[in-house]
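So, here come the structures, one by one.
Presented sequentially are two complexes of chain A, the first with chain B as partner and the second with chain C.
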Partner chain A sequence: MRARVAQFLLITALVLTATTSRADVAVVLVADKDSPIESISSLNIRKVYLGIPVTIGGHAVRGFRRRDDERLNQIFLQSVIAMSERSYERRLLSLVLKFGTPRPTEVDNHGELLESLANNSSSIAYMWKSEAESNSNLKIIRVLWQET
Partner chain B sequence: MARNLKSLSSRMIFAVLLINAVLLPILSYGMLTVVRNVQEDFFTDHIRIYSRVFADLLQSNDTLTSKAEILASLDSAILGGRCVYAAFNMGDSRLISSLMEAGDGDKFVEDFRFGEHDDGVYYLSIPLQSGEISAVLELGFDEQPTLLEMESARETILTIVLVYLLVTVVLVIVLSGLMTRPLRRLRRDSRKVASGDYTRQMSVKSQIFEISELTRDLEHMRSTLVGINDRLEGEIVSREMAEAERRKAEIYLRHTHRLQSIGTLAGGVAHEFNNVLLPMLLYTDLALEDLPRDSPVRPKLERVVKLANRAKGLSEQILTFGRPAGEALEATPDIAPVIDEAMSMVRALIPANIEIQLDIERPVGPMLCNCNEIQQLVVNLCNNAYQSLSSGRNVIKVGLENQRVTAELAGKYPSLQEGAYVRLRVSDTGEGMDSATIERIFDPFFTTREVGEGTGLGLSVVHGIVVKHDGEIVVASEVGVGTTIDVYFPQSDD
Partner chain C sequence: MLNSRKSASTSNRWVRAFVRLVLLVAMVSNQLARAESQQDILVFVSLEGFDIFSASDPGLEGFDRRATADFLYTYNSDRFRFLAEYVWSNTESELERMQAAWQVNDRTMLWFGRFHTIANYWASEYHHGQFMQTSISRPGLEEWEDENGPMPSHITGLWLEHEFSVNGQSAVNLGLVAGLAPKFEGEHLSPFDILDPESGHDMTVSARVVYRPDVLSTNKIGLTLAHNDIAVVSESSPNLTNLNSILQTTLGVFSDWQWDVWRLSTNWVYFDVEMQYGNGDVQDDFVLGYLQGEYEATENWTVFGRTEIGFGEDNSLYLQLLPSVVSHRNMLGVRWDFVDSHSLTLEVADTSTQGNGLEHDRFKELRIQWSAVFP
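And then the complex of A and B:
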């Protein structure tokens, strides 16, 4: 009887844990906590990351991109940019070569990303929701993707 | 089989197959990868853009408040392209439009790469936000058409590769045939030349520079070999001739040395014989003087003297052969009269039924000679010719003429020198001699006649006289035809 109770409790805990973690897996758009950016449409997010100038509150918005997390990168390409990786690279290269627009700044790791956001108040970046919530210097602007 | 495998054609085909075996898989893999990437990128771009636009439309048209409009939008998404599944999740409500079997949508696992899962559907989800409303749009796109296109492209590429391989092999076979045909002709011509057909000219025509160069070089080598071969053949012939001349000279020298040895021996014997004979004659003469005229012993002693004189004559003849020195040679401006006189003696000695033909040039000479010995020589030669005659037409020819000895003749007989000579020729139509007989005719006491019929000293005396006159005897004889003996005497300066 005691064993059955323990088994039931364990299963319940596992189910609850799984449900909780499943709900928490999301990718969010963040900015520095002092950033003037409060909201931004999905279209403008694409513009920023395609190198097309976007201005909010008189500030030119700049996008930062992480390259060290492949899954995050794929979610970014699918949910934000809506292109394959090669198409995105070709598109960026085309814009840079044709119009001289700066391509989104790429950083190598999470720490570098946080430092870049702190130094550029009108900049945005994307990261896992759990990472954003654990840092008080960031504010979440919107959810870009979440696991269903 | 192994020989065929080592042929140029086989090696070229093998090389092409090897190169293709290495390169074609790489090329095929590269092409397939490019095609797959292009197809995947096209598919991914298409569905992502489509999904994005569809999601933006849903967010911008305030349709999120009406379930009917959401369902209509989902249905339009299903009917608009490759989308086979569309679901709208907002809180607890869930709206689905699908072309798949009922319940397939429950397998929803979001994909981020083409073919990431084996369900044949590319699922993706897009968060929607319109005002305060938050929802999630789920879309599923059929991967099968793209997979079929990729399979079709793969088959096309493999077909092209196989056709390319086949064409390459055929081309290599044709090209190797073009290359090896002139080489085979060259090999055939070379073998004919090697087998001794030096006249076979190598004239293989080829557009390939190396082969035409090889042909030219081989032809040059052949012509050089032909020249060398001709020269070698000439050298062999001349060496054989020289060898024959050397053998003849050796025989002549050996013969001469033998005659000299015999002469020395015979001279010594004759001298000692004379030393015995002279006291015998002397004491016999003294005995005859002391004997009364009517002594019955006198006829016997006279017989002894007669025989001793005969023996003395023999010994003198032997001395003539062995010791050519004797009476001095005198300058004779014309030797023809000497021969005439000798022939008159010969005519008296030889029966009348024997025809003697004379061919004497006048004048003949000058030369240094002992006329008596020359006459003795002529008589001996004619007597020898007469002795060799048999029944039938019996002719003895005697010729005398001035003769110039050529270098060729001088080369054959070392005692002759190129220059002016007197040639005495005595020929007969007798039985002739074989080479073994000719070899020994000048040996003292050698005779082919019956025992008692000849002394065998006639030609030995002739030889001694000729040697004394620095002359040479050339004998030519054929059994059953006759014999010709040429005697050469050097002409003097005046």
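And then the complex of A and C:
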């Protein structure tokens, strides 16, 4: 009987741990804590990252991307932009070629991203929820994707 | 076609101008750098080999090759935008575009400088970015004016572009252009040379309306209208003797649509041409068009084909002044995309050009090309 109770408690603990860790694995949209951006629709997020002008509070919204996290980029492209990486890159190239439209700025790492957001109050970026929560200079605007 | 070899001195002049321009923009950019700004440099490269065989005129047969590098520089600050495109190849070296824009608001841009005309759909879609177009060849209708195209591609002047949003999801774009048209010289049109403002060109005006049902997709349908007053250098060819100018009006309808793995692009242009000779005017009208279909068999492989036809073009007196213009072509091709931004493409085509009389020159074409974009 004691062994069965122990087994039950162990399984429950494992399930709870797994559930908690899955809920923690999420991608969020962030901005600097002083940014005038409080909310942004899914359509406008896609527009920003496809080079289509979006203005909030009189300022053009700028999107930042990170080069160093392939999984994060894949999740963002599939879940938010709904495009393969190749199609997405082609679309951006096409806009540069046609109109000189600036591409979303790419940064090398998390530190550089934080600095860029701090220097550009009307900018947004996507990152892991755990990274966003650990930095008090950021505010989470919305959850973009959550592991289920 | 590779008959537009420029002189070495002209090439050097363009290179010097381009270098000076980039230095100037870099200096200005430095001053503006305190404001939020962004620069981008892209290089489109391609190596192409093509063979012409089974020709009605054996003199047309033979193998040729072309190596091309297209340098694109863009600069953006809050309300200012600058774009320069320079093409270097083994057959030409030319500053293709040099344009600056004032962004009036989110939806309105006012460009000035030298740019590709909005009335030429292919030119304004792919410019010189060979990697961006699925096929190797351009439709004859859409060829560059100095490579036997029937209508202007490069305009120097003003371009106003405005987007009307429809329910936030759809859009209608309106473009208006006024500027200097090419002139007719020898057997082709020559665009205005900004380094030689006295080169004698007349005016052009054009408009384009494009409807995009979903701004997030590339699907679109549009109308173009242009009126080109083309000056003629009568002494440059016996065919142009006594011809003073050409008034060309074009009305076009184009579309580019994608359904899952299928894509269809098409453009049809009606030409109304008045050739003003010393002893009277000659009227001419005809239609040129094409239909290109693409099938994305896998993520990396695309099969495509295009048919180019016309109505009234066989007896067109205007097109007889352009003997190398492609009037008919049936083409099939396959493209393989590999690594991130590289592609290999193979094309075969049954083609006829206008020729020197009422008889077309007919031949087969085989093309192979590697193209890429850096970085």
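Here, the second predicted complex is superposed on the first by the 136 of 148 C-alpha atoms of A that agree within 3 Å, B and C clash if a C-alpha of one lies under 4 Å from a C-alpha of the other, contacts with A are read in each partner's own complex, and residues count from 1 in each chain.
Convention: contacts are C-beta pairs under 8 Å (C-beta built on N, C-alpha and C of every residue); 3 or more make two chains touch, one makes a residue touch a chain.
What you see is a predicted model, and the numbers here were worked out from it, not measured in a lab.
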| item | value |
| --- | --- |
| Partner chain(s) touched by A:53 [first = chain B, second = chain C, both, neither] | second |
| First (chain B), second (chain C), both or neither touched by A:93 | second |
| Contacts of A:84 with chain B and chain C, given as first, second, both or neither | both |
| Touched partner set for A:120, first chain B, second chain C, both or neither | second |
| First (chain B), second (chain C), both or neither touched by A:75 | first |
| Touched partner set for A:42, first chain B, second chain C, both or neither | first |
| Touched partner set for A:143, first chain B, second chain C, both or neither | first |
| Touched partner set for A:110, first chain B, second chain C, both or neither | neither |
| Interface residues of chain A shared between complexes with chain B and chain C | 43, 46, 84, 86 |
| Parts of chain C lying in touch with chain A, wherever the complex brings them together | 36, 38, 40, 42, 72, 74-76, 81-83, 101, 106-107, 109, 124-127, 129, 132, 168-169, 215-216, 218, 299, 337, 340-341, 373 |
| In the complex, chain A residues that touch chain C | 43, 46-47, 50, 52-53, 55, 60, 62, 84, 86, 89-91, 93-94, 96-103, 105, 120 |
| Chain A - residues contacting chain B, complex | 42-43, 46, 71, 74-75, 77-79, 81-84, 86-87, 142-148 |
| Chain A partner contacts - residues on chain B that touch it in the complex | 37, 40-41, 44-45, 48-49, 51-52, 55-56, 59, 89, 108, 110, 112-113, 124-127, 129, 134, 136, 138 |
